[in-house]
Amino acid sequence: MTGSILPIALGFAFVCVSASIVLNLFRLWRGPLSADRILAVDTLTINAIAMIVLFGIAYTTPDYFEAALLLAMVGFVGTVAYCKFLLRGDIVE
Amino acid sequence: MTLFAEILVSALLVLGGVFVLVGSWGLAKLPSVMTRLHGPTKATTLGVGACLIASMIYFPFFSGTWSAHELLITLFLFLTAPVSANLIAKAHLHRQGRRIDPNPSDQIVDGLPPPLGTADWATFAGGTTTDTAIPGEADGDRRS
Amino acid sequence: MSLIVSWWVIASVILPAVVGAGILLFLRHHLALSRLAALGSCIVMVIIAVMLVHEANGGTIQSYALGNWRAPFGIVLVLDRLSAMMVLLTAVLALIVLVYAISTGKDRQGWHFHPLFQFQMLGLNGAFLTGDLFNLFVFFEVLLIASYGLMLHGQGGERLKAGVQYVIINLVGSTLFLVGVGLLYGVTGTLNMADLAVKVAAAPPGDQGLIAASALLLTTVFGLKAALVPLHFWLPGTYAATGGAVAALFAIMTKVGAYSIIRTSTLIFGEDAGGAAFVVAPWLLPAALVTIIIGFVGMFAARGLRDLAAWAVVGSMGTLLCAVSVFDTQAMGPALYYILHSTLAGAALFLVVDLIAQRRAEHGDAITLAPRFTQIEILSGFFFLAAIATVGLPPLSGFVGKLLVLDGVRTSPAAVWIWTVILITTVLGVLAFGRAGSMIFWKSATLDGEIALRSLRGRRGGMAAAASLLLALALLTIMAGPITRYTAAAADQLFAPESYIAAVLGPQSGGRR
Amino acid sequence: MLLVLALLPIVGALAPALAIRVGRNACAMAAGTVTLAALVVLAMLAPAVMAGETVQVRIDWVPLLGMNLNLFLDALGLMFAGMILGIGLLIIIYARFYLAKADPMGRFFTYLLLFQGAMLGIVVSDNILLLLVFWELTSLTSFLLIGFWRDLPEGRQGARMALAVTGAGGLSLIGGLLILGNIAGSYDLTVILQNREAIQASPLYLPALLLILGGCFTKSAQFPFHFWLPHAMAAPTPVSAYLHSATMVKAGIFMLARLWPVLAGTETWFYLVATTGLVTMVFAAVVALFKDDLKGLLAYSTISHLGFLTMLFGFGTPMAAVVGVFHIINHATFKAALFMNAGIVDHETGTRDIKRLGGLATLMPIAATLAVVAGLSMAGIPPLNGFISKEMMLEEASHTVWWTQPWLVPALATLGATFSVAYSFRYIVHVYLGRKRDDYPRPPHDPGIGLWGPPAVLVALVVSIGLFPAVVAGPLVEQVSRAVIGGQTPYYSLSLWHGVTPALFMSIAAIGIGLVILSAHRQIAAVWHGLALPDAKALFDRALSGLTRGAVAFTARTQNGSLERYIAMFIGTAIVVGFAGFLGSDFVAGNRPTTAASPMAVVGWLALIAATALVLVNHRARYVSLIYIGIVGLVISLGFIHLSAPDLALTQISVEVVTILLMLLALNLLPKTSPRESSLPRHFRDGGLAALAGLGVGGAAWAVMSRPVDSISGYFWENAKSGGGGTNVVNVILVDFRGFDTFGEIIVLGIAALGIFSLLETAGTGASGRRILAWQPDTPRSPEHHPMMLVVATRLLLPLAVMVGLYIFLRGHNQPGGGFIAGLVISIAILMQYMASGYQFAAQRLRADHHTLIGLGVLIAAATGLGSLLFGAPFMTTAFDYFSLPIIGEFELATAMLFDVGVALTVIGAVILALAQLSQVAQSAEKQEPLETPSAMDIDPSRDGPPLVPEETVK
Amino acid sequence: MISLELLVASAIGVLTAAGVYLVLRRRTFPVVLGLAFLSYAINVFLFAMGRLVIDRPPLYDKAADGYTDPLPQALVLTAIVIAFGMTAFVVVLALRSYLETGIDRVDGMPDEKGKP
Amino acid sequence: MIRRILPHPGLSAMLVVVWLLLVNDFTFGALFLALVFGVLVPLFTSRFWPARPVVRFGPDMIGYVGIVLYDILIANFQVAWIIVTRRNRDLRSHWLVIPLELRSPEAITTLAGTISLTPGTVSSDISGCGRALLVHALDVADPEAEVARIKRRYEARLLRVFA
């Protein structure tokens, strides 16, 4: 990391993402509907991807990107499964 | 050049951070499931996208490595986010029946518009909606 | 390790794995071939195990470095007298039980009996041979998951209900195992048991608390497998609910717990372990005593023969662990002999009970009045023999084992307690078996008629398997001289861990003194 | 020779079992031949023994235990062996004619010979551990003999009671003998018997004595352990005659005699043994008088005479021991004869009830003669052998002082003798004399010689010993007495007339008063039966049923099927021992510098705690808690990323989702809620356990993390690249350094899948099948199965995800990834198809069989490991090399990657197998025909024709 | 300043406590959730036994000035896989037992209220 | 023949690019492997995608992508502004019914995806006959105009891309 702007921007982004996660947790807790909670988890997963990307920048390492990629894929599968359960009960039919 | 890159990366990070936060703020603040559903699309598209682009620019300049993984992640998110939203909406429509978003602060209480043609919306077609709740949902909020 | 010995060692682990996978892959729709392969594997295992015992009896401990990575970095298999003995015991038991299962058609009552059986053997052999604590965990899991499958083989409501309990409590147990292993690694930085012995002995005093805690946690896990009171609750239901063949095979499962207690307590937490030296002993002894009592009381309360047999296993584990808990050579030799005896006796009892239950049709194993049944005479004889072996009356090995234990613990300060409990509970056992046997064989004989069975599968094979277990008990008695010499030598090896350490870590480590 | 003697009956026990196929005579012949052969062997050994030698055999059996096949035969052994075999032979003859046709004779004689062998073993064992083997064997075989008539409830109960009491006594004896052996330093009798001083001086003398007496007294039915013996009378009479005259019960007396040299002579011995014997003798004699059952009378008489013998050995004087030895012989002769006689009466008249008998003398003259002679001997009437030994006993009693009371023992001994006279005469008078009756159950007449011959032989002995004691029994008594005493015998004379001694007066008094009592029997009996005496059997039964009830109640209470309790016990134990171990040894807190937590870490921590709390609070709402738990997994994955564990993060992320899918699949068919059913105390208990467990594990983690360690990891770090060919050290550890773990791990996974398959394969049958058939969805169903957007998107995602999987697999050795994660990623990609397009659609298109994948995976992994054996390297030794090809450039090939292929295949097979199988069950529960279209979408706008989803008018 | 070690240790504690509490419930489903929590807890615990290091992934690099202990990570990976297999098995077993007996209680007793 | 080896040429091309992006390496070795997988993976997965949508790669497609990206950027700011500033009760949420002329599922999915990706609108359902899309709009003044905009701006273009 070089200058002084970037760390500040990065810190700001971290704070934003952290705050987002707290907001997601609020929605997760508050609900009230299952759809809200699924939505909260879905959003949290996407925020987690952002967090991982930020980590990658902060540590200047590409080692964590696969995790982000996988999270994108898996977050989707999870959301689909939660929704299908609500829609059909049986998620594989 | 590096300074420019740094400024660009910083700007993207700030932008990304703000949009991620706004998306989640929307999720927390908006009055009903359908309106809340709009929030995360922000986080996905611009928020995370900006962070990813920031990262893409950052690496060649600051560590000498070039990485395109971010593009892939973006691609994945673009592919999946609408489907997720669609399914959440469907699940919600299904669970709530046609009484969409009976939140007192939400003005949309009319229910769904009819589709064109003879068949109902896919989520309802042919089905009868019962009132069985998924345990854990706040029942009071479903009807008030 | 010489090449040929190394082949035997590795074969004892690889053979069941390959045969199990092979049956799954190629033979799962060919019952006859599956049986043939499984039997072949078991027979070869017996031969291998005999070779291993022969080799171990030479007295040198040999270690096999998997992947050619030297200890403590890679995983090693270690052949000493104890591990060789356990492998042989497993092989013999497995062969007999397999014959029983095949001839009574138990292997057809569900899916994948033979692969599960082979994997069960793999898990057992791996657990007995490994010289690495985490690898021990892995093989525990292998043998547990295979045992879940076998336990549930054939299914039915009661079995499933008992299975839920068995599986869940063992999963909790596995968690605790990892806590113990993890803690030990965290403190010592190693996983190889020989290296752990060195590191624990050299640990600063400030680490002793954590080491002692991990020793006790590990022993709690092993105690769970060994059905040590108050961790025994899972056993009676599980063993009584599963099929006879599987229950017979499970006679070795409790011994895995006992084995692990013996191994870790003598090697890692032995004499040189400072604050953790034999830290489990003061807990183990009273628990073992109570285990004997609870086991025999349970036998007394049993309503079915399977129940009776299951509680007998608990009681015998108590006796065994009593001898173990003294932690000296004198008592350990008898304990090892008792392992052999109680495994075979427990298995024999379960097989005999199963044979009886099969023939009593809907009366099953209940200790109630029912008409005479096919082969009642010979089965009453079998039951009588299995019962006296289990209770520890002469002439079978139970009596020798009991005398050995009583004699072995005599120098212990707790000898009075051990003697009192063992002797008094034997009376309970005699009464329990007397009650059950007289009800099922004598009183029932007074009823008119006989239970007719449309078809009785494996009349000969099943009987032969049970008989061969009884014969094994007789051999154990007749050959008690050489066998006790072996177990005594094995005990000596256990209480002189230097040679184990040297064999694993190389001569330059020279043990720790 | 001695070995042959000891083994003959046991080995020969097979003979009757086999011979019964030929016939009953052959069977009896076989048994008789065996016994006779043993007698012949004994006879060949006898001269040497009678010359004072001890015949010995030593064969090592369990030398480490000191338990060996050491046999010796001295005069005591010889005498007992002679009785065992001699009377045994007579019993066999008698039994041949006694047993009914329906009785399984082969079994009877087999048991009898086994018993005989066990008895013989006791008396010839030199090694006390060996002796114990035989001792317990007598208990076991007598159990079989007493319970021989299985249809008799008394037989079954009597057998069990005998086994319980004598078996328990045997265990007591084990304790005592082991102590004795330890004091003496050897378990060989010949050694022990040399160590009188050491034994009697040892502090363990008293416990050893008590335990040994426990064995002897139970076996020889001494008060208060006597109660089993009368109930053992339910046995066939030959058994009773054998067990209660010469064998079983005499084993206890034998032990007293055998150990007399080392145990007797102390005050403790005297008070314990002599008192017990005296009490038993008197008490049982009194009871015997009032028994109306012939065998009951004889049973109590036996107890009384056993008391008689016990008392004699208890006196501890050499002279008393001599008398004891002599009376052993006498009692065996007349009592065996009487038992057989009782059997004859029973056999011929159909009853053993004295009240229904009488006047048989003329009807059964032979039996009557035998009974009179033997009965008079039992009463101690001259000139029979019973008289001589009774006289000698009274003589010994007359000068025995008990607790400063010189009159006590003589008086009581006389009292015992008095009742002995009374009941003996009652046997003679009330059965044979008096007037004939006309209501015998069967018309009585003398039996054949087969039944009366054997007792006649014994009666002949009774008479001849009585008339010529010194000639007939003298030498034997002398030698045996020496063996018992362990030295020279005192002066004694075996003769009818000892002159006018106190004993003579006591004897006369006993006979006189005894006859008076008998004449008033009816009146006294009325009083006796009016007494509410405690019944030992009732007490025993009550104790036993109390014990049973207690055991049942205890077991039912503790073993109540409550898994929560079992787990609570387990966790509670772990907590207790864990904390105790920790607190019981030294602990010094570590000084490793800690890392400051970033705000993000704190947020992550908060998220974890919040999600955990949400699960805990909402755990009864199952679906919702599944959503919450996803967050926990997510945060942990993030934590792994933050803490430099990318492989862990990848694994956690992918395992998490598969687990959730699985649980959702299962939840579909399970109840959606858990009822509230724990009481408040239970919540506190569980909360307490949870808090302590959390404190323990968390505290341990803290303690470890805050201290430095020198671990073996450096080696992995240094050798991963050079020795393992990979830069991802974690992966190299997994597939190489610790590949064996991974091998086990994939097998676990494979077995889990097999288990799941086996479980679900049968779900459609039986109770489960019925339940599935009756199953109704408990949540509303949307009619659309496969939403179009999902189907289309996942089709594009599949190849992408497969690419990702391949990528993760290939890079695993050097970068985060590897076979397991790749397998999971590909599985997830396939599962996506299952979810989007349906089971049918996906399963049809996925051609690989899951079982094959699992089997193949494990085999590939094993084969990779085995490959190294071909090169002479240990199992799982890996090889790798770098290759260079034109165009493609340099690349690496490692055998470890092949191993990883095995891992990946197993994972894919296991995951798909488990989920597919589970979804199949759900399919059958839904009872809906799966949608069959080429595109798998419910709504396919490109199709012409009506929509697949049924139409309905729009509201 | 709060240390990372404290956060991780307390998280392990909380996860363990949650797992223990849930494992002690009476229905199979919460018990399975409890097992999942215990599995989380133990994974993190094992991992923590290698101490906490930030930004030093166990990827061999000559230039690296330190590394995270890779061994616990490998152990955790093994433990995760095993726990996954076990969890899958127990979930199915719970379901199967419920289907067979109509009871989803871990003690196999029927419900007090008489409903299945 | 070529169809058999390359069932989805476009997909194969995309996978080659994806592989190169994944390995982050543009050497011959990587390209070789990319080509191998680009061919093999569609072979394996084509069974899951029986119908082959005809997609015209060309200026229409590029234009479409450009427009969508632009819209995403702009709409993001608009919607962010709404979320941050507008009171909940002042939101003018509406259900929009978009009649469809597109027929291929892939095309409709693309349209629906586009609608969802641009903030402010979420595709929620499709009618049972596949002729209309149900879209939820967060805040629109004139629902009809919005429907028309979507049809004009996206659907019309997609009709050209998906022949």
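Labels A, B, C, D, E and F are assigned to the chains in the order they are written; within every chain, residues are numbered from 1.
Assume contacts are C-beta pairs under 8 Å (C-beta built on N, C-alpha and C of every residue); 3 or more make two chains touch, one makes a residue touch a chain.
According to UniProt, the chain labels map to these proteins: A = Multicomponent K+:H+ antiporter subunit F; B = Multicomponent K+:H+ antiporter subunit G; C = Multicomponent K+:H+ antiporter subunit D; D = Multicomponent K+:H+ antiporter subunit A; E = Multicomponent K+:H+ antiporter subunit C; F = Multicomponent K+:H+ antiporter subunit E.
These numbers were taken from a predicted model, which means no experiment stands behind them.
Common neighbours of subunit B and subunit C under the contact rule above are D. Note on connectivity: the fewest steps through touching chains from subunit C to subunit F is 2. Interface comparison, D-E versus B-F: the pair with the greater number of contacting C-beta pairs is D-E. Set against the C-alpha centre of subunit D, every other chain centre is closer than that of F. Centroids built from CA atoms put subunit D at 60 Å from subunit A. Taking the mean of the C-alpha atoms as each chain's centre, subunit C and subunit E sit 28 Å apart. Between the Cα centres of subunit E and subunit F there is a gap of 39 Å.
Computed centre separation for the pair subunit B/subunit E is 30 angstrom, with centres defined by C-alpha atoms. Of all residues in subunit F, those touching 2 or more other chains are 18, 22, 24, 112-113, 123, 126-129, 131, listed in ascending order.
With touch defined as above, residues shared between interfaces to two or more other chains in subunit C number as follows: 134, 138, 141, 145, 148, 152, 155-157, 164-165, 168, 172, 179, 183, 185-186, 191.
The residues of subunit A that reach two or more other chains are 14-15, 17, 21, 34, 38, 62-63, 66, 69, 73, 76, 80, 82, 84, 86-87, listed in rising order. Looking at which chains touch one another, you get A-B, A-D, A-E, B-D, B-F, C-D, C-E, D-E, D-F. Against subunit C, the residues of subunit D that register as touching in their complex are 60-67, 129, 132-134, 136-137, 139-140, 143-144, 147, 150-151, 153, 155-156, 159-160, 163-164, 167-168, 171-172, 174-175, 178, 182, 544, 547-548, 551-552, 554-556, 558-559, 561, 563, 565-567, 569-571, 573-574, 577-589, 697, 700, 703-705, 707, 709-713, 715-716, 719, 723, 736-741, 743-745, 747-748, 750-752, 754-755, 757-759, 761-762, 766-767, 851-852, 854-856, 858-859, 862, 865-866, 868-869, 872-878. Residues 134, 138, 141, 145, 148, 152, 155-157, 160-165, 167-168, 171-172, 174-175, 178-179, 181-183, 185-186, 191 of subunit C are the ones touching subunit E in the complex.
Contacts from subunit D toward subunit E in the complex involve residues 560-564, 567-568, 571, 592, 594-597, 601-602, 605, 608-609, 612, 615-616, 619-620, 622, 625, 629, 632-633, 636, 639-640, 642-648, 651-652, 655, 658-659, 662-663, 666-667, 669-671, 674-675, 677-678, 686-687, 689-691, 693-702, 704-706, 709, 711-713, 716-717, 720-721, 726-730, 733-734, 737-738, 741-742, 745-746, 748-749, 751-753, 755-756, 759-760, 763, 766-768, 771-772, 814-816, 820, 907, 910, 914, 917-918, 921. The part of subunit D that touches subunit A in the complex is made up of residues 598-600, 603-604, 606-607, 610-611, 614, 623-624, 626-628, 630-631, 634, 637-638, 641-642, 646, 649-650, 653-654, 656-657, 660-661, 664-665, 667-668, 777, 779, 781-782, 784-785, 790, 797, 801, 804, 808, 815-817, 821, 825, 828, 831-832, 834-836, 838-839, 915-916, 918-919, 922-923, 926, 928, 930. For subunit F in complex with subunit B, the residues that touch the partner chain are 18, 20-22, 24, 72-73, 76, 79-80, 83-84, 88-89, 91, 93-97, 99, 112-117, 119-129, 131-132, 134, 136, 138.
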